[in-house]
Amino acid sequence: MSPSNPAASLLAVAGLHKSFGANQVLKGIDFTVHAGEVVALIGPSGSGKTTALRCLNGLEIPDAGTVAFAGGPEVSFSAGFKPKKAQILRQRSAMVFQGHHLFPHLSVLQNVTVGPLEVQKRPRAEVMEQATALLARVGLADKAQAYPNSLSGGQQQRVGIVRALMLKPDLLLFDEPTSALDPELVGEVLVVIKELAQEGWSMVLVTHELAFARDVADTVVFMDGGVVVETGPASQVLAAPQNPRTQAFVQRLLHPF
Amino acid sequence: MSPSNPAASLLAVAGLHKSFGANQVLKGIDFTVHAGEVVALIGPSGSGKTTALRCLNGLEIPDAGTVAFAGGPEVSFSAGFKPKKAQILRQRSAMVFQGHHLFPHLSVLQNVTVGPLEVQKRPRAEVMEQATALLARVGLADKAQAYPNSLSGGQQQRVGIVRALMLKPDLLLFDEPTSALDPELVGEVLVVIKELAQEGWSMVLVTHELAFARDVADTVVFMDGGVVVETGPASQVLAAPQNPRTQAFVQRLLHPF
Amino acid sequence: GSSGDNTTSTEGKDALQQIKESGVLTVGTEGTYRPFSYNEGSELTGYDVEVIKAVGEKMGVEVKFQQTQWDAIFAGLDAGRFDVIANQVAVNPEREAKYLFSEPYTVSTGVIVTKSDNTDITSFESLKGKKTAQSLTSNYYETAKAAGATVEPVEGWAQAVTLLKQGRVDATVNDKLTFLDAQKTHPDDSIKIAAEATEKTDSAVAMRKDETALQGAINDALDQLRADGELAKISEKYFGEDVSK
Amino acid sequence: MDSNWQLFLDSLWPLAQAAITASIPLAVISFAIGLAVALLMALMRISGSRVLSSIARVYISIIRGTPLLVQLFVIFYGMPSLGLTIDPWPSAIIVFSLNTGGYCAEILRAAILSVPAGQWEAGYTVGMSRTRTLYRIILPQAARVAVPPLSNSFISLVKDTSLASIILVGEMFRKAQEITAVTFEFMLLYCTAAGIYWVICLLLSALQNSLEGRLEKYVAK
Amino acid sequence: MDSNWQLFLDSLWPLAQAAITASIPLAVISFAIGLAVALLMALMRISGSRVLSSIARVYISIIRGTPLLVQLFVIFYGMPSLGLTIDPWPSAIIVFSLNTGGYCAEILRAAILSVPAGQWEAGYTVGMSRTRTLYRIILPQAARVAVPPLSNSFISLVKDTSLASIILVGEMFRKAQEITAVTFEFMLLYCTAAGIYWVICLLLSALQNSLEGRLEKYVAK
C-alpha cells in the first residue's frame, strides 16, 4: 500500500489482445508499472485505453495476454478463460470510474466501507477509523452521513477515490476521473490525485488532461489503434514526442481551435 | 442575419430578475449585444449564466426586466406575465444547447428543416438548398440522411448549430456548446463557432473555455451570484481582470491543480 | 350469440302493451343449460326455449332471446333488458317476494347424485356433514344446505360432476331431468342417483313484479298449450315423458 | 381420446370465428379509443393544473380500483335505471375503452415524462407550440418506452373481453361455454380457447418486438 | 331504497370478512411467492444463457398468453387426470404465484436493466460477487423503478382472486354471489364488493406512494 523501492516492478502487462466481435480493440499491449510509479495512459478516443485499463481489473476479459502482479496473482488469458478467475486481480488493484458510480442508496460512509466490511470482512473499528481519516483527507469529513445525490460532482468523485483507497490496493486505476466533471470542479479532484501520487501510490491513469499528465505522471504510454505507439518519461513524450501520431495528438489537444 | 454596422445595438437586456422559489438567481442583469458582436458570458457554476441565456429565448420567464431587440420584439416581464407571450422572442434568436438535444427520431436533414418547413412554412426548395449548403459548410454534407444516434458528439453538436442557423435568427445563443463533448471533439465545434463569429454573426456564448473566449469574443460579461460583476473587452477582462472575484475565477480555471 | 338490439322501456305503458305493439317478446335465458336452454351449433334450443316460443306463438308475438349468464339474468330483467326469464327458474318464497311467476311449466324432483360405489348416502338426511357441489343457479343449493351439507358452489352440471368423480365432493343435488339427459348423451355408470326428493320443484316463467297483465297473458298461453297437448309434446321430445305437470 | 380430438377440431373453427368477429374487434376498437382517453388523462395528470390533475387521479383510481365485471354491470344493468339504456356492443366498447384509458394513462404519463425535458425545449426553440412539440417530437419518442407495457395491457384486454358475455356480447369464451353445455368437456374447450388466446398473444408479442425494433432509433442516446 | 340500504349494511361485514380471510391473504401469499418466481425468471432472461433465457421466455409467454381462468382450471380440474389432486387453496396459490411470476418477470427484468451497468462494475470493484452485487447494490435501486408497475400487478391480483371461486375457494366475490343467489340484488352486492376492492386499492396506492418516496433517494442521478 505505501511507497516502497521505486525500482521494483509492481505490475507487468504483456501481449494483451482483445476483440469485440470483429472489432480488434487491443492488438498486443505491453507495459510495466513500478512500485510508486504513476503511469499515464493517453491516446485518441477509441484507441483502447479504457479497455486496457479494465483488463487490469478483470472487468474486461482479454482474449490473450498476461497480467502479472509482483508477488501474485498472475493471470494468463486464453480462449475459454473463465471470467470468474479474473476476480483475483481485484485483490491488488482498485478502479476509480469516470462516472464515479457511487451507490446511490448507501450513505458516503457506507459506500466506502461496504467493501472492507462485507467483502474483506475486516474489523469494524479499524475500517471506520480508516474511513474517517480518508474522508477527512479529501475534505469530506462532514459528508460521511450524506447520500451521493446530495454531493457535487467533484465531491462524488473524491468519495469514489476514497472508496478505492479503502480497499488497500497496491495499484490505483483511474479512467478519466475528471472528464465527466464541471470544468470548475476538475481542480479539486486533480489536487487529490496529485497528492496521492506524491505520497507514493502506484497508479495507472487514463486522462485527456495533458498538462496534468505532464505534471504528475512519471511515465506516459501513448496508445493508438490498439497498440502502444510510444512509451517514455512524461516530460519527453508530451514535450517532444518522437512518433508522428503522438505529435499530431498532442498538438490537437493543446491547440483545439 | 448577415453582418451589418457593428455599432448598431441589436439586443438590450435590462434589469432581469428571476427567482426559483426562495432562490434568487438573477438579481438585475443588464447587458447589450451589438450587431455582429460576440458576447461571452462567463462566471462560476450556479452564477445564473444559463438562466440568463434562457430568458433571452423565452425558455425561462424572468420575474422582471426587459429583453428588447432593435426593431422588435420588445418584451417587458412582470408578475403574472403569460409564458406564451415570450414565444415571440424566438423569432429573432435561436438556441444551441449544451446537450445538443437533436430529435433522435428525425434524420439530420429533417432535424434542421423541421422548423423552417413546418413552423416558418418557408418554400421547400429554398429550405433544402439552405440546409444542404449549411451542412456542407460544417463538414456534414454526407450525413444528411443519417440519424443523430449514429453521429459522434462533435457531429451532433454541429448539426445542432445548423438547426439554429436554419431559422435565420439575428442572434445565436450558445450554452456551453462543448462542455458535454469528448476533449478531442471540442476542437471541431469551436472551429465552426469561430468561423461563424468571423463571418459576423451576433452571438451570446456561455462558456468555460477561457482561451476560446479570449480568441473569439469581442466582449466578456462576468457574472457571479446573479449579478454582472465586470464587463469589458475580452482581452482586458480575461488577461487583467479588475474585480477580485473575476481574478479568482480566471485563476482557478487556468491553473486547476 | 345474441344480437341484443332489442330493449324494452319501462316507462309509461306496461310490458304487455309494449310487447303487443312491437310484436316482440324478449326472453332472457342462459343458453348453456342443457337440456333446457342450450346452443346446438348456432341454434338456440332446449325445452324452455321451445316452451316460451310456443307461448309467444299463442300470444301472437315473435320471441326474441337474450343469452346471458345466471349472474346477470335477474339484473337484466330488472334493467328491462328483457321481459321474462325462461331458464328453469324454480319458484320459492324469496323469489316470489321479488318477482312474479307464471304457472309452472316444469315439475321435477331433486335427486342426489353420488358415485356408483357410494353406499353411505341414501337420503337427504344422510347428506348431513357431507360435501356437495351445487350450482348457485338452482334451488338445490338451498336444499342441500338445509339438509346440513357443506356446499361448494359451482358453475353448472359439468363442473359438479367433475368434482364428484375426482372425489372432491361426495354428492351433488340436482334436477333429475338434467341427470337423465346427461346420461342419455354421455352414458356414465360411475355415477348414480342415490336418492330422490319427495317434494316437487316447480319452475316457471319469471317477470317483473308489477307485470300482472303479462302474467295473465302468459298463463293464458300456457293453458292453451296444455289443453291442446302441445306442452306435453315438447316435453316428450326432450325427456320421453311429460314433466310439465 | 379420439372423440376428444374430433371435438377439438369441431370446436376450433367456431371459437376462432368468435374470436375474429367479436373478441378481437372489441379489443382493437376499445384499445384505440382507450389510448385516446389515456393520452388525455396522462396530459391532465402532468398539466400542472391541480383541478385537471385531480380529476385524472380520481378517474384512474376508480378504474383500477374496481373490477371490470362491476364496471360492465354498472354501465349495462345500472344505467337503465337512470333512464339510459345502452346496447351490448356500445356498452362493451365504452367500458373497455374507459378501462383501458385508466390503466394506460399511467403508462403514457411515465413514457412522456421519460423523454428528456430538453426535447420539449428543442421543439420550442425551432418555433413549435406545446401541442405541436407533443405530437411531432415527444410522442414518437415516448412510444418506444410505452410499447412494452401497452402491449401487456392489450394482451390483458384481449383476454378480458371474455367478460363481455355477461352483458350479452357473444365472444369466444361464451362460445366455449355454449359448446361445453352440450358436451360437458369443459377442460378441453377451455384449453382450446386458451390456445387461441395464446396464438393471438404470440402474434401480438411478435408485433411488439418488431415495433420496438423500429422505434429503437427514436431513443435519445 | 331502505331495504337496499339494510342489505348493504348486512352484506358489508360478510364481504369484508371474506376479503380479510380469503382474498387478501391469497393475494399477499401469492404475490410474495410470485415475486420470487419473477426474479428467477428475470435473471434467467438476462443470464446470457440461451437455454435459460428461452425457458423463461416460453414460461412468460404461456402465462401471459392464456387466461387465468384456464390456468386455474388446468391445475385444479386437469391435474387429477394425471393422478395429482391438489386442494383448492394450494391450487389457487400455485396458479396465482405462477401467474404473478410471469407478469412480474418482465417488470423486474426492465427494472434490473434500468440500473446503470456501472453499478454492477462498482460492486465488482469493491470485491463483491455477482450474487452479492445483485442483492446489495442492484435490487435496492431497481426497486424504485419496479414499484409502480408491481403495484399495478398487485392491485390486479387482488381483483383476480375473485376467479378463485371457480376452484372452490370462498373468496369475497363468491360470497357476494352466494348472497345474491338468495336476494337477487346483484348490482348492489357487486357494487359493495367493488367498493371494498376500491378501498383496498386506495390503501395500496398510498403504500405505493410512500414506498416510492422512500426509494427516491436510491436512484442514481
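Each chain gets a letter, A, B, C, D and E, in the order it is written, and its residues are counted from 1.
FYI, contacts are C-beta pairs under 8 Å (C-beta built on N, C-alpha and C of every residue); 3 or more make two chains touch, one makes a residue touch a chain.
Because the structure is predicted, anything quoted here is derived from the model rather than measured.
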Pair exhibiting more inter-chain C-beta contacts, B-D or C-D: C-D
Rotation in the CA alignment of chain D with chain E, degrees, nearest 5: 180
Whole-Å gap separating chain C and chain D, where each centre is the average of the chain's CA atoms: 36
Distance from chain D to chain A - Cα centre to Cα centre, in angstrom: 52
Centre-of-Cα separation between chain E and chain D, whole angstrom: 19
Length of the line joining the C-alpha centres of chain A and chain C, rounded to whole Å: 82
Shared-contact residues (touching 2 or more other chains) in chain C: 71-72, 75, 78, 159, 162
Touching two or more other chains - residues of chain D: 73, 77-78, 186-187
Contact pairs between chains, per stated definition: A-B, A-E, B-D, C-D, C-E, D-E
Of all residues in chain C, those that touch chain E in their complex: 71-72, 74-75, 78, 94-95, 98-99, 136-137, 141-142, 152-155, 159, 162-163, 166-168
Chain C to chain D touching residues, read off their complex: 1-2, 4-5, 7, 9-11, 31-34, 38-40, 42, 66-69, 71-72, 75-76, 78-81, 156-159, 161-162, 182, 185-186
Complex contacts: residues of chain A adjacent to chain B: 44-45, 179, 182-187, 190-191, 194, 208, 212, 215, 252-253, 256-257
Chain B partner contacts - residues on chain D that touch it in the complex: 116, 118-119, 121-122, 124-129, 132, 136-137, 140-141, 217-221
Residues of chain E touching chain D in the complex: 61-62, 64-70, 73-74, 77-78, 103, 106, 110, 148-149, 152, 155, 159, 162, 173, 186-187, 190-191, 193-195, 197-198, 200-202, 205
